[in-house]
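Next come two complexes, and both contain chain A; in the first it sits with chain B, in the second with chain C.
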Partner chain A sequence: MTATEHRAPAAPSRAAQAPAAARRAPRVTHRMWGTAAFHTSAGLLSLVWLVPIAVVLVTACRSFDDIAANGLGTLPHSFTLGGFRQAWVDGGQQQALINSLVVTIPAVLLSLLLASMAAFALSRYDVPFRRALLLLMLSGNLLPPQILLIPVSKLSEQLGLYDSLYALIGVQIGFGVGFYVFVLHGFMRAIPPEIQQAAVIDGAGPWQIYSRIILPLAKPALAALTSLSFTWIFNDLLWAITVLRSDSRMPITASLLGLQGQYVSQWNVIAAGSVIAAAPTVIVFLRFQRHFVAGLNLGAVK
Partner chain B sequence: MTSVNTSSPTSRRHFLAGAGAVGAAALMSGCVTSGSTGSSSQSSGGAVSLQSNLSSPQAKSAMQDLIAAYNKRGGTKASLNTVASETFRTQLPTYLTSATPPDLMTWYPGSVADGYARKDLLLDVSDIWQTGELAGYSDALKKLCTDTAGAKVFVPASYYWWGVFYKKSNFAKWGVQEPKTWDEFIALCKALKAKGVTPIGLGAGGGTAWVASAWFDYLNIRINGAAYHRELLAGKHSFDDPQVHKVFDKWAEVLPYFDPNGTALAFQDATTAMLNNRTGMMLIGTFFADAAPKDQLDDIDFFQFPIIDPSVPVAEEGPTDGYFASARTRHKAQVKDLMSYLATAEAQEIYLKGSSGTSLPTNPKAKDSGTPLVKKGRALIESAADVTQFFNRDSSDALQPTADTALTKFLARPKEITSILTAWQRDAQKIWSQ
Partner chain C sequence: MAVLTANSRARRGRRRATRVPPVVLAFVLVPLLAEGFWVFWPALQGFYLSLTKWDGVSPPQFVGLANYREMLHDSVFHTAALDTVLWLALFGGLSVVLGLGAALLLQQERRGVGFYRAALFLPVVFSLTATALVWQAMYQPDGLIDRTLSGLGLGHLAHPWLADQNTALYAVIVPALWRQIGYVMVLYLAGLKGIDPALYEAAKVDGATRWQQFRHITVPQLSSVNAVVLSVIVIDSLRSFDVVWALTRGGPYHSSELLSTYMYSTAFQSLRLGYGSALAVVIFLLAFGVIATYLVRAFREAD
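Take a look at the complex of A and B:
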């Protein structure tokens, strides 16, 4: 779009210079072809991304007998919202969605609070071993979580937290904080020291500097991290099934898995369940879209 | 932590498989939590907790009916906890080794249960088999639920059967009959192919590669017998034995009649292909009926896997499902009471009424759902001289992937069978020697 708009005003001036126009014509058509090719390929590429989502939406609105009789890949012969009802009521997604939010919201708030405090101390003060601490947090992120499944499961059992949402909140905070500190540290370090010095001259203590100077300045980073961590924690399945056992406490991702039968899967119900499970993250994404994109290059430039 | 679970179901499954492997590894190294008096919910109350993998909505509500009926009797109370079957499969070792395990769990008898019993993880319930309705169970089931030490560790509740399923209307339209012998079966395949129909559907693609093992199981028990089959899966014979070669020679005879998409379609899609008359028949378990539209169920029939060698005693695949209790349960007496109840005809009828109704009760006195299909299936298993479970249940979940790899390769390149079987034996040896 932008390319054509930019070229439009230039066209009349080119037409005025007749000899020059004749010389430039092939270059203009060349560029037009380039634009067309770009738009077609970009359109096709976005189609590739959108088709699976469309298939899920269409499947969610079909009846199971239709899918069983005609196959998953055919055009729909039925329209029903029964799949949504089945996923929500029979599949227990209502309770699961509540569980997910009960875990996600405190986990996001707590981990960002802790991470911002740690990042503040590490970036603004000469804490001993701060380099080692940061490297430790970074290396924690490099560790594959799979190798910690058994220890986490056994530890939560020893602490008497196994099969409770507290255990899941704790695990999510524990595994998230390292990364958030790392990102926030990079951001806070870039805040000019003069601002802090001015606050010190005005008599502010560390707590006031943190809560009234640094935290408001770190808002963009915090917003980006909020949307990222919300998506991560909400979409997590692994830790949920590691520390939880009761179906009434399982979050939405685990309950989505539960919609699959032992042998036969009701694709319409699963598709409807996926739509329900995706809704909160989509809402958060749309709300924080700007920050989300900003979050992608957070920490890219140090 | 994130890249894994945001993506497609396939990678999620792979990931779960990894998680399961980790769980299994912990089990192998005997990483059993011992201390911790724990204050987990299931031990605090008096209720017996039943951890169930029957997560499909219909089976789940059937289990809820069953537990409600038990609680209505007074006395011991039970609480049902249903988790996704995939989660259950990977977490089962963790449940069993946990300091506060669920009291009772749904799972499989035979070598799978025996594997856990040998690690002292299962409760010995020999005493409840002496009295009540369990005493009247068939000898085959009694044997199936006994571990190598001679103790009974399992209570069976239901089973299903495998057969070659087809549509009655199609067989009538094509003017063909159910075959009894291998030669008749090949003649049937030829007749269907002449009519332009793909004779045999498979459905061993898209995550259900294990379906192909049914062909291996059946050919092996028809040619070499059930006893050899069990010994083979237990590692007492080699997969590159001449007997196993004979199995694949027979398979190669019918391979030209297999659906060329057989290893591309998942079994649910293969079912659709059969219902849409694109394929003639498929060897599958009765659970596939759940994947058929309700109005087509009356049109579905099956025949016994054809007899190849009449001198081999006829065995059938009848995978059994049921319950075992954790050795560390805090409610030993109550668990046994619940297990005895689950073995009664009353309990099994409640479950069958609520579920999709294609499985059979293990209690000889319990009534099945009574449809002609189910009656035929029950007669099939009851007439069998021996009953095998299924490849993974007669061996282990660890051996199943080796079979999937070997059989998928065979279906693609049947000429390379010698090297495929050598590779299979090598892979299986790694599992057995663990």
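Take a look at the complex of A and C:
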């Protein structure tokens, strides 16, 4: 946006010095070449990026016999949705997708609720050691999860939560909340204090200020973090295989690894499973694209 | 600028409100306790466990630094450490270079650019597990990569990419890059948007070439984004686990083993929980510098 718009007004002033007609012709061809070069390079790049996705979509709709006879890397000679049925029913993807959503939705909602409360308190009140608390919470999210894996799996055993989805929800909240607090704090402290002061004069307590004023104003940041954290938690593999054991409780990522072992070389089933596993986050991305990209940039500390 | 004034006003406003209501303290304490319970307390245990020998059944046995001494003679640890450094350099370096390249190519708002950006960004939302399976299909002997090579008359290059010790690590980096570049591109696109176009105008008036503009305006102006990208990439690289685990489990013969996968298999498959904890501490130490600088920057930001 910036580059084209700002280059345009500069052009006439320079062109005015020389006869305009003599200059215009080469500039137009030059620009045409530039556009062609841009679309060729960007198009090729996008093609490289999209080919693997296309291959998987096509493979998922082929029959096993077709793949066995003609190979994976060929054009399809068949069309069937049998691979999806096998992955969904026999491969346990249906249960796995339910598990994923049962973990992801409460984990997202609870972590954002807790994080917005902490961010509200830290950004709008003189809580003692505010800055230290904020950074302590952020630092927890930056730790490599490996250092936590063994103790967390033992901790969930001691609590009797090992192999239950509650343990997974708990660890997702605990590990993610620090980052969300940090981002929301940055957003909330920019809200002008006059709004809050007016509410205080009207006799509003902290809870009312939080729920009626600050939370609605923080909606853009919350929307961005919701789409981002949904993707992160939904796509997680490591925490799931650390605190869960039974196949029937595994989320979709871990169940995809099960599918990989169970249907070795039945690429139509594995491809169909991958499509099922990727579909929810792709839907979230396409539906909330702007929030999603905003979320990635919010997380970047400047 | 608007944010700045809002901040200074906010600070003055806060100073007046001296008493913090107890419910506000609870707002901070509840999330802090949740994090303390699931993160800080386990992390402390992790450091302690790295000084023990433990099979997960009988009580842990304190052995001092024996686990760390063992690493000195553990050839798999050497391979994993070397692969992790290689991963950092290749995965990190290439995602910065290619992500910046893609951002520079796609920075102008023009017809079709939204599609190209979305295409590059789409893999970012896939799980690394699904990404791995997509590429496993590509790498099969009858898959698209080898087919294309033989179609181009380069059949002799066709290869069991994931099964060969010499190529396994690189074959795993490619899917990781495919998924990461779009993310880095988005960060750089935001950074490029933030550069004042007047700088380029002034440079053009002074007769600067495109390369000079890139070298003396774009690169210095992107320094804060660079710092973010670098920390994100180092932290991500050291965490990388899913894609390797799904594609090779660190094999064949540990040739694609990273510290993260070695830690996981040591702890949860060999059940050597003490040694696994020590490996996790090594990962933490490698990440520590980056975490600390990230926090220092965040500290300055948090007024």
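Just so it is clear, the second predicted complex is superposed on the first by the 276 of 302 C-alpha atoms of A that agree within 3 Å, B and C clash if a C-alpha of one lies under 4 Å from a C-alpha of the other, contacts with A are read in each partner's own complex, and residues count from 1 in each chain.
Throughout what follows, contacts are C-beta pairs under 8 Å (C-beta built on N, C-alpha and C of every residue); 3 or more make two chains touch, one makes a residue touch a chain.
None of these values were measured; they are calculated from a predicted model.
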Clash or fit: what happens to chain B and chain C when chain A is overlaid?
clash
Give one of first, second, both or neither to describe whether A:Ala69 is in contact with chain B, with chain C, with both, or with none.
first
Looking at the overlay, does A:Ser46 come into contact with chain B only (first), chain C only (second), both, or neither?
second
Which partner does A:Arg85 reach: the first (chain B), the second (chain C), both, or neither?
neither
Of chain C and chain B, partner touching more chain A residues:
C
Answer with first, second, both or neither: which of chain B and chain C does A:Arg290 touch in the superposed model?
neither
Now for A:Asp126: first (chain B), second (chain C), both, or neither, which partner does it touch?
second
So, does A:His77 touch the first partner chain B, the second partner chain C, both, or neither?
neither
Return first, second, both or neither, reflecting whether A:Pro206 touches chain B, chain C, both chains, or no partner chain.
second
Figure out whether A:Leu238 sits in contact with chain B (first) or chain C (second), or with both, or with neither.
both
First, second, both or neither for A:Gly258, with chain B first and chain C second
first
Hey, which part of chain C ends up inside chain B in the overlay, 43-51, 187-195 or 259-267?
259-267
Need the overlap of the two footprints on chain A, from chain B and from chain C, as residue ranges.
71-72, 145-147, 149-150, 153-154, 175, 231, 235-238, 241-242, 253-254, 257, 260
Listed in rising order, chain A residues that touch chain B in their complex are 64-66, 68-72, 86, 90-91, 145-147, 149-150, 153-154, 157-158, 160, 162-163, 175, 231-232, 235-239, 241-242, 245-248, 250, 253-255, 257-266, 269
Complex contact set, residues of chain B against chain A:
1-2, 4-6, 12, 15, 18-19, 22-23, 25-26, 31, 33, 35-36, 38-42, 51, 53-57, 59-61, 81-87, 90-91, 94-95, 98-100, 102, 267-269, 271-273, 275-276, 285, 287-288, 290-296
Residue numbers on chain A that touch chain C, as the complex places them:
1-4, 6, 10, 35, 38-39, 41-43, 45-46, 49-53, 55-56, 59, 71-74, 114-115, 117-118, 120-128, 131, 133-155, 170-171, 173-175, 177-178, 181-182, 185-186, 189-194, 196-197, 205-207, 210, 231, 234-238, 241-242, 252-254, 256-257, 260, 267, 270-271, 273-274, 277-278, 281-282, 284-285, 289, 292-293, 296-297, 300-302
The chain C residues in contact with chain A across the complex are 3, 6-7, 9-10, 12-15, 17-18, 20-21, 23-25, 27-28, 30-32, 34-35, 37-43, 45-47, 49, 56, 102, 105-110, 112-113, 115-116, 118-123, 125-130, 133-138, 140, 142-148, 178, 182-183, 186-187, 190, 193, 195, 197, 200-201, 204, 224-225, 228, 232, 235, 238-239, 241-242, 245-246, 259-260, 263-264, 267-268, 273, 276-277, 279-281, 283-284, 287, 291, 294-295, 297-299, 301-303
